[in-house]
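In the two complexes below, chain A is the common chain; its partner is chain B in one and chain C in the other.
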Partner chain A sequence: MSLISTLARLEAVESGRAQPLATVRHRHVAERPLVLVPLTTAGEAGAPLGALVGTDREEPRLLVVPQPRDRDLRFAFLADLAEAVLPYVEDFADDVEAAERSETDPETGKKVKVEVELCADAPQLVVPGRAGVEYVRLLGRSMRFRRTAEQDPETPFPAPPRVPLLGRWLTHYGERARVPGSSLLLAATDLLNRHWATGQSSLEDQHLGALLAWIDPPEGASGAEAALRAELGRDRDGQLLCPPAGPATDPAFDNRLLAPAVERYDRARHALASAEDGEAADERLGDLHRAEREIRRLVLTQLRPTWHAVWRALDLVRALPPGPRVADRWTRDRWSFTGHRDRVRAGEPPQPRRDDAVTAANKLAARESAQTQLEAQEALDDPLVMAGRRLTGEAFVGEVVEVTMAWSESKRPAPRPLLTVRTDDLPHLAEGVKAYRSLEGKPQTAQFVRYEDDGSLVLRVLDRMGRGREPAEGSVPEKGDRLVWTLFEHDQRVGPKLPDPEETPWTHGGPPRADATESPDPVTPEDLL
Partner chain B sequence: MSESLGSGPVRRPQTTLRHRLAELRGPASAPHPLDARALAALAANPGCRRRALLDGAGVDKAALASALGAPSGFGQSQFAFMRGNAFEAKVKADGGAELMRLLGVAEPEDVRVPDLTAAGPQGRAARTALALREATGAGAWSLLDHPMLALEVAGPPAYLEPDAVVVHPDGRWTVVEIKSFPMIDGSADAAKVGAAARQAAVYVLALERVAAVTEGASVAHSVLLVCPKDFSNQPTGSVVDVRKQLSVTRRQLARLTRVEDIAAALPEGVSFDVEACSPEQLTASVEAVPHAYAPECLAACELAFHCRDRAREAGAVEALGRSVRGELGGLTTVGAVLAAARGEAGDPDDPAVAALRRAAALRAESLQEAAACR
Partner chain C sequence: MTSVAFDPSAEAARATREILDDTLRGDARGVVVDSPPGAGKSTLVVRAALELAAAGRPLMVVAQTNAQVDDLVLRLAEKEPELPVGRLHSNDPDPYDKALDDLGNVRKSARAADLAGLDVVISTAAKWAHVKGVEPWGHAIVDEAYQMRSDALLAVAGLFERALFVGDPGQLDPFSVVGSDQWAGLSYDPSASAVSTLLAHNPELPQHRLPVSWRLPASAAPLVSHAFYPYTPFRSGTGPGDRRLSFGVPSDGSGPDRVLDEAAESGWGLLELPARHTPRTDPEAVRAVALVVRRLLDRGGAAVSERSADPVPLTPDRIAVGTAHRDQAAAVRAALAELGVGGVTVDTANRLQGREYDVTVVLHPLSGRPDATAFHLETGRLCVLASRHRHACVVVCRAGVAELLDEHPSTEPVQLGVTVKFPDGWEANHAVLSHLSEHRVTWSP
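What follows is the complex of A and B.
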C-alpha cells in the first residue's frame, strides 16, 4: 500500500466515510452486465446450493439445489445455470467488426496482416467478491470435462447437454480474471476497493456489506458503525442482518435454518417414494413441493441482500467518469472473448487440466506485461494515481521555464531541443535517464542532461518532432507549459517470442503428446457425496 | 521455553501456576483445551499477551467474547462437520488400508493398529508414548489413530490430538493430517494448505519430544496431507514439507512470554470467570492484559472484535494492517499521523513526517485538479 493510499485510509477513519483513491473509473463496466451471486454447500467441493443470476436487477433468476448432495439435482441446477448464462454469452458472439491481426505466414515466414473478426462487445460477468471469482473457476473446472449422452452414449451419468460448454466459458472467464486490468469477470469488492479507501484494513475490505457501508453509509450513521452492523449485526433468531456475500454461507444459517429444512425435504422425498396409492402420492407430492419452496425461500433470504449490494456497487462505480485508456483494455478483453469463441466454434477440446510449458510461460508473460501496462495507464489517466508515482520519484510535474533549440550532430541534423524544467517533485534522475510525456496520446521521449544551479533540470527532447530540420508544429513544449513526465514507459515492450508448443525443449517436458487427451473425471459411486 | 522444546519432558512443580490459572478461569469451569489450531494461531501473533494468558489458562474465549458484548462470528456448519467426519472415517476404514496405500505400503493387512484408549489426557498421552516406543521397536508399519501428545506452551501443557501418526519399519514417525478441502488437479487452496502445514508443524514439534526419549525413533519433517481428490470422495495424499513452518513455530513459541510472568504482572482481583463476573469486571480484567491486535486476528481469535474495538478507540494505526505501521515511523495513532501530515505537529526533519506532508500535499493537489476538470 502506498503512503498516499494509507493516508486516504486514515482520512477515512477520521471522517467516517471512505475517501477517493481514484478520480476516474479504471475498469470497464458494461451497459448490461450479467450478475451472478452463487452460494455453495459448506465442506463440499463444487456442490452449489443456489444462485441469483441475471442482467435485470429487478428480475433475477433464482436457482436452488434443495439437496446439494444429490447428483441429479446438482446437474439440474447446472443445466438451469447454463440456460441463464449461455444465451447471454452467445448474444455477443455474432455482432462482429472487421479487424486486422498480424500473423506469421507458415510458408514464407513473413509477418502478414490477416483480416479477422473481432466481437463488437463482450459479455461481462460480475460476482460479489474474490471468492466468487474462484468459485466461477471451480464451477468451470467441475463442468468442462463432463460428457453428455450425445458425446458419449456409454457414460453412466451423462451431464445435461449444455453443461460442458458452460464449464468451458466459466473456465475462460476465471482464467481471464487473473490478467491485471481485465474486466470480463469482475468482483464487486475489487471494483470498489480500486476506487475508494475505507477506514478498515484490506482484509476487512473483502466483506462487500462492510465495504459498501463505508462508501455509502445510511443517513446519519458513520461508515464504521454501519460496517460493524454489516459484519456482526444479527436478528432475534441469531441470523446475520447482512448475510455473507458467498459462496460460503453463515454457519448459523446452515445449522439453524437450512439443515432442518433439508431434512424435511429428505423426509418428504422418502415419503413420496414409499407412497402406495395415487391419492397418497398426490398428497405427499404437495409436501415435497412445500419443503422445496421453503428451502428456496431460505436461500433467497441469503442471496437477495448480496444481489442488491452488487448492483449498488455497480451504480457507485458507474458514477465515475471512465479513464481514457479503459476502452483500450476492454478491447483486449474483446479479443480474449473472440479468441475463445473461435476455439469453441472450431470444435477444439476443453482447456486442459494443466497448461503445457509454452502456454503457461505465455500466460505468465502476458499477465506481467498487463500489470506494468495497467500501472502505466492508470497513472496517465488519473492525477491521483500519478501523485503516488510522483511521491515515489517515478514521475514529476514541472513547468517549462526555457526552451533552447539544438540539433543533433549527424549529416542530416535533427532537432534535439533542450528544455529547462522547474519542479518541486523529487524524481530519481541520473545522466541518461529517459523521461516520457504524453503527446496526443503517444509517448514523447526526453533524456535527462543535468541539474542547473537553481535546482531546475534540463531535458533533451529526442523524438516525435517530424522528419524535417525544424520540429513539427506543437511537438516541442513551450515556455510556461506545465507537463507531467514519467520515468516509466507508457507502452509495453513485447518480450522475446516463445517457441511453438511443438518445439518445447526437453528441459520443459518436450512437445505435448498428441495421444494425451483429457479424460472426463471418473464418475463412481464415490461421487455421490 | 526453548530448552524444554525437543529436549524431553522436563517437569517443574506447577501446582502454584495451575492453581493461579484455575483461579483466573473460574474454579467452576473446566479448562478449554488448547488445540494445535489455537497454538498455530498463537504462534502467528507471539506478541499478544492477552491471547497467551487466556489460552494458557484455558478460558473459553468465545464465551468471554460474548460476555464482553463482542461475540465472535466463528462456528462450523454441520454440513462441513459431517463431511469432514465422513471423509476421515473413509480414509481410516479397514485398519487404515487406504491411508497406507497412499503412503505406498503394498500389503496393508500387516499394519499394526495399537489400542490407545486410556483415561484422561495425561493417561492417553502416556499410552501414546508407550505405543510409539513399542511400534518403533517392532520394526513394522503401525498406524496410531488419534494419538494424544503433550506440549508445554509458555507454561502449562497443551494436549494435542493429530488425526494419525504412522510409524515406519525404520523407526521414522510421520504425521498424517486429514482435511476435507479438495485437491483439484493435484493442487489445493494455498491458504488452507498453509494452515494445515502450520497445524501439522505443532504436532511434529510435540512428537519430537517423545522421540527424544525413544530409542531408534526420528520424526519426519514432512507430513502426509490427505484430501478428497477433485470432486469425488476418493482420498488422495500429498507429502508436505513443513520444515519452514516447524522452525517458525518453534521460534515463535519460544518467544511467547511465559504465562507465569504475565500472570504475575496482573493486578489483584483479575478474573475471567464468565459465570461469576459482571461484564464490567470482565472488561476491566481483559484490559489488564495488553493485546497486540492486527487484522489477521479476525480469522484466528474469538476475542478479535473486542480487541479491534479497543485498537480503534485508541486510534492505533495497526488496526488498518501491520504493514501500515512500517510506513509511518514513530507515529502510532491516526490522530498523530494526520496532524503530522497537515503540518500541525511533528518534526519536519523526521523523514516519515516529511514524506507524509509531501503525500498529503500531492493528494490534495490531484484531488483539486480533478475537481476543477469536472
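What follows is the complex of A and C.
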C-alpha cells in the first residue's frame, strides 16, 4: 500500500468517512450497463440458485432455480440467463465504425493496413464483487463446451440452444476482466475501491455493503458504525440486514429459510407426481406453484439489496468526471469485444480449456503492458494519483528557472537544451536517468544531468523539438513553466513477437498436439484411504 | 587449513570437467548447471564459451541484463583477446559499456545480421527476443537461467539448437507485476523460471551443480548452504583462518563499533535496535546502517585473504548496502551522503544479484514491519542479501522479527502441479535469524 493511500485510510478512520483516492473516474462506465447479481447454492460448485439481471434498475429480471440440484431446472435457468444477456450483447454487435488494423500479409510477409470493423460501443457487465467475476468465469466454463441437440443429435443431455454461446461470451468477459484497466466486466467493489479509501482493511473492503457504508453513510452515522451494521446486523429472526453480495449466501438464510422452502417444494413435486386423478393433480400443482413462489420471494429478499447497492455504486462513480485517457482504454475493450464477435461469427470453436504456451505468454505480456500503461495513464490523468507517485520519488513537479541552449555534437547538430528545474519533491534521480513530460499529449524525454549547488536539478531535453537546428516553437519549456516530470514512461514499447503456437520450441514441449487426449491422473496408493 | 577429505579445488575442477564434457560431447539438447553464490559461475560460462568457440561451434550467449552482458564480453576478451566476439545491443543511447570500445575484436551492432559469422555473439534475453529471420545458432549459453522467465525463454529458444543453462536456484525468482495464477501448475507457466519449464518438458536433461563457493568465507558457507540449499549443500573454498578482517582504530564502545568487531571476529553481526513498528524508510535504522558504514571506513578496515599476502585496505567500492525496497536504498544513500560517505554501493536485493563485496551491511527486510508478506519472506531475497560478502555481513534490524515470523506463517495457497520450493521463506528466515542472534549487539541510538 502506498504512503498516500495509507494516509487516506488514516484520514478515513479519523473522519468516519471514506476519503477520495482519485479526482477523476478511472474506469469506463457505460450508459446502459447490464447488471448481473448471481447467487450460488452452498455445497455445490457452479449450481446457480438465482440471479437478478437487467439494464433497468427499476425492472430487473428475477431468475430462480427452485431446486438447484435438479439439472433440468439448472439448464432452464441458464437458458433464461442466455435470453437475458445475449440480446443485450448482440445489440452492440452490428453498430460498427470503420477502422484500420495492421496485419502481416501471408504472401509477402509485410505489414499492411487492413480495413476492419470496430464496434462503436461494447456491452458492459457489472457484478457486485470479485467473487461475482469469478462466478461469471465459472458459469462460462461450465457452459461453453456443452453441446446442443442441433450441434450433436447424439448427445445424451443436450443443452438449450443458446447456452453454449452464453458460455463463450461469459468466458471472454471473465478473461478480459483479468486485463488491468479493462472495463468490459466490472466488479462494483473494485470500482469503489479504486476511487475511495475506507477506514477498514482491504479484506473488509470486499463487502459491498460495508464499503458503501463508508463512502455514503446514512445521515448521522459514522462510516465505521454503518459498516459494522452492514456486516453483522441481524433482524429478530436472525437474518442479516444487509445480505452478502453473493454469489455465496448467508448460512443462516440457507438453514432457516431456504432449506425448509426447498424441502416443501420437493414434497409438492413428489406429491404432484404421485397424484392419482386430475382433480388432485390440479390441487397439487397449485401447491407446487405456491412453493416455488415462496422460494422466488426468499431469493429476491437476498438479491434486491445487492441489486440496489450495485446501482448506487454506479451512481457514485458516475458523479466523477471521466479521466481523459479512459476513452482510450475503452477503445481497447471495444477491440476485444469486436474480436470475439468475429471469432463467434467465423464459427471458431469455444475457447480451449487451457491456454497453450504461446497464448499464455502472449496474454501475460499483454497484461503486464496494460498494467504499466494503466499506472502511467492514471497518474497523468489525475493530480491526486500523481501526488502518490511524487511521494514515492517516481515523479516530480518543478519550476523551470533557467533554459540554456545547447546542441548535440554531431555533423548535424540537433538542439539539446539544458533546463534548470527547482523542485521540492525528492525524485530518485541518478546520472542518465530519463524523465518524461507530456507535450501535446505525447511524451517528451529529458535526461538528468546533475544537481546544482542550490539543490535545483539540470535536465537535458532530448526529443520532440523538430528536425531543424533551432527547436520547433513551443517544444522547449520556458522559464517560469511549472511542469510535471515522471521517471516512468508514458507509453509502452511493443514487446517481441513470440513464435506461432505451431512453432513452440523444444524447451516448452514443442507444438501443442491436437490428437493428444488427456488421460486422467493415475490412481496412486495415496488416493485410497 | 582445508580439510583432508575435501579438496575444494579438485572437487570444483571435477564438476567443471563433467559439465564441459556433457556440453561439448554429450548428446542431450540441454545441460543445466546449478550454482550456489560465488561458485565460479561466470568463470564456467567464460570457459565453456571459449571451448565451444575453439571447437568451431557458433555460439550465442543469453544474459539477463546489459551489465551482465558487458561483464561477460570483458571477461572473454581478457582470457582470449583474439576471439571475435559480437555484442548485440539495443537502439537506446549508450547501449553498452564504453570499455568495450577499446577491445579490438569486439564488434558491436544493434542488428544481428551484422554480427553473423562471429565465433560468439552476446546479448540480453530482451534483445535476442527481437531477433528474427536468422540462421539458428548451433549452441547457446543461457546465463542466470533461474532469473529468466519462461516466456523470455520461449521468445529466444527458436534461435538455438542446444544450450547450456547456468544459474543460481537460490536467488530471487522471476516475477510478474500482474497475477498469473491462472497458469500456475502448467508446465509452461509463463511467469515461472526458464529452468522449471525446461526441466518439466525435458526431465532427462543432465543436471550438474558446482560444489564450492569461492566467494563466501568459511563462516558464511555453512549457514547459507543450510538455510537456502538444504538438499544441495556446498562448501566454502577457503578454510576458517584464510580470511581475516581487522581494524586500525580500536572500538569506541558504540553499537556500530561493537557490531563491527563481532562481524570481524565471526563473519556475522546483528545490530539490533529496539522493537518498533516503523515506516519502510525507518529513519533510525537507516541512520544506523549509514553509521556502520561510516565507522567501517573510519576505523581503517583491512582484509586479509587468499588473494594476497598483505592486508588490503577496505575501500568504499568493496562495501555494499543491501535493502529490500528502492525507497530504502534511496534513504540510505541520502544518509550516507549526509555523513560524507561516497562510493559505497547501495541497492536492492534484485540489483545486487550476482555481485560481490568484501563487507555487506544489510537492512533486514522484516525490520520494523507489522506484517510478513510473501514479498518480504521470499527466500531468494534474504539469500541474495546474505551471500554477497567475502568477509563479513552486518545485519541491521529491529527486535521482534522472530515473533513477527511466528505470527505470520506462510499462507500462500497451494497450487496443484507446482513443485514446492524448499526451504520456504519462513523457515529460511528463522534459520538465518537464529544464527544471527548468536552475534547480536543490542543498541539504542
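Everything that follows uses one rule, which is that the second predicted complex is superposed on the first by the 513 of 529 C-alpha atoms of A that agree within 3 Å, B and C clash if a C-alpha of one lies under 4 Å from a C-alpha of the other, contacts with A are read in each partner's own complex, and residues count from 1 in each chain.
Everything below uses one rule, namely that a residue touches a chain if its C-beta (ideal position, glycine included) is under 8 Å from a C-beta of that chain, and two chains touch if they have at least 3 such contacts.
Everything quoted here is computed from the prediction, not taken from an experiment.
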Applying the touch criterion given at the start, work out whether A:3 contacts chain B, chain C, both or neither, answering first, second, both or neither. both
State whether A:458 touches chain B only (first), chain C only (second), both chains, or neither. neither
Does the superposition put A:354 against chain B (first), chain C (second), both, or neither? both
Between chain B and chain C, whom does A:367 touch in the aligned arrangement: first, second, both, or neither? second
Check whether A:99 is in contact with chain B, with chain C, with both or with neither, and answer first, second, both or neither. neither
Taking the superposition on A as described, I'd like to know which of chain B and chain C A:79 touches: first, second, both or neither. neither
Is the number of chain A residues in contact higher for chain B or for chain C? B
First (chain B), second (chain C), both or neither: which does A:432 touch? second
Can you list the residues of chain A that touch chain B in one structure and chain C in the other? 3, 354
Enumerate the contact residues on chain B facing chain A in the complex. 70-71, 73, 75-84, 180-182, 184-185, 228, 230-234, 295-296, 298-299, 305, 312, 315, 317, 319-321, 323-324, 327-328, 334-335, 337-338, 341, 355-356, 358-360, 362-363, 365-367, 369-370, 374
Give the list of chain C residues in touch with chain A in this complex. 29-30, 94, 126, 129-130, 132, 150-151, 153-155, 157-158, 176-180, 182-183, 186-191, 194, 197-198, 201-202, 279, 326-327, 330
Interfacial residue positions of chain A with respect to chain B in the complex: 1, 3-4, 6-11, 13-14, 20, 23-24, 41-46, 138, 141-142, 199-204, 224, 231-232, 249-252, 254-255, 259, 321, 353-354, 382-384, 386-388, 390-391, 521-522, 524, 526-529
Help me check something: in the complex, which residues belonging to chain A touch chain C? 3, 178, 180, 354-358, 360-361, 363-365, 367-368, 370-372, 392-393, 426, 428, 432, 495-499, 503-510
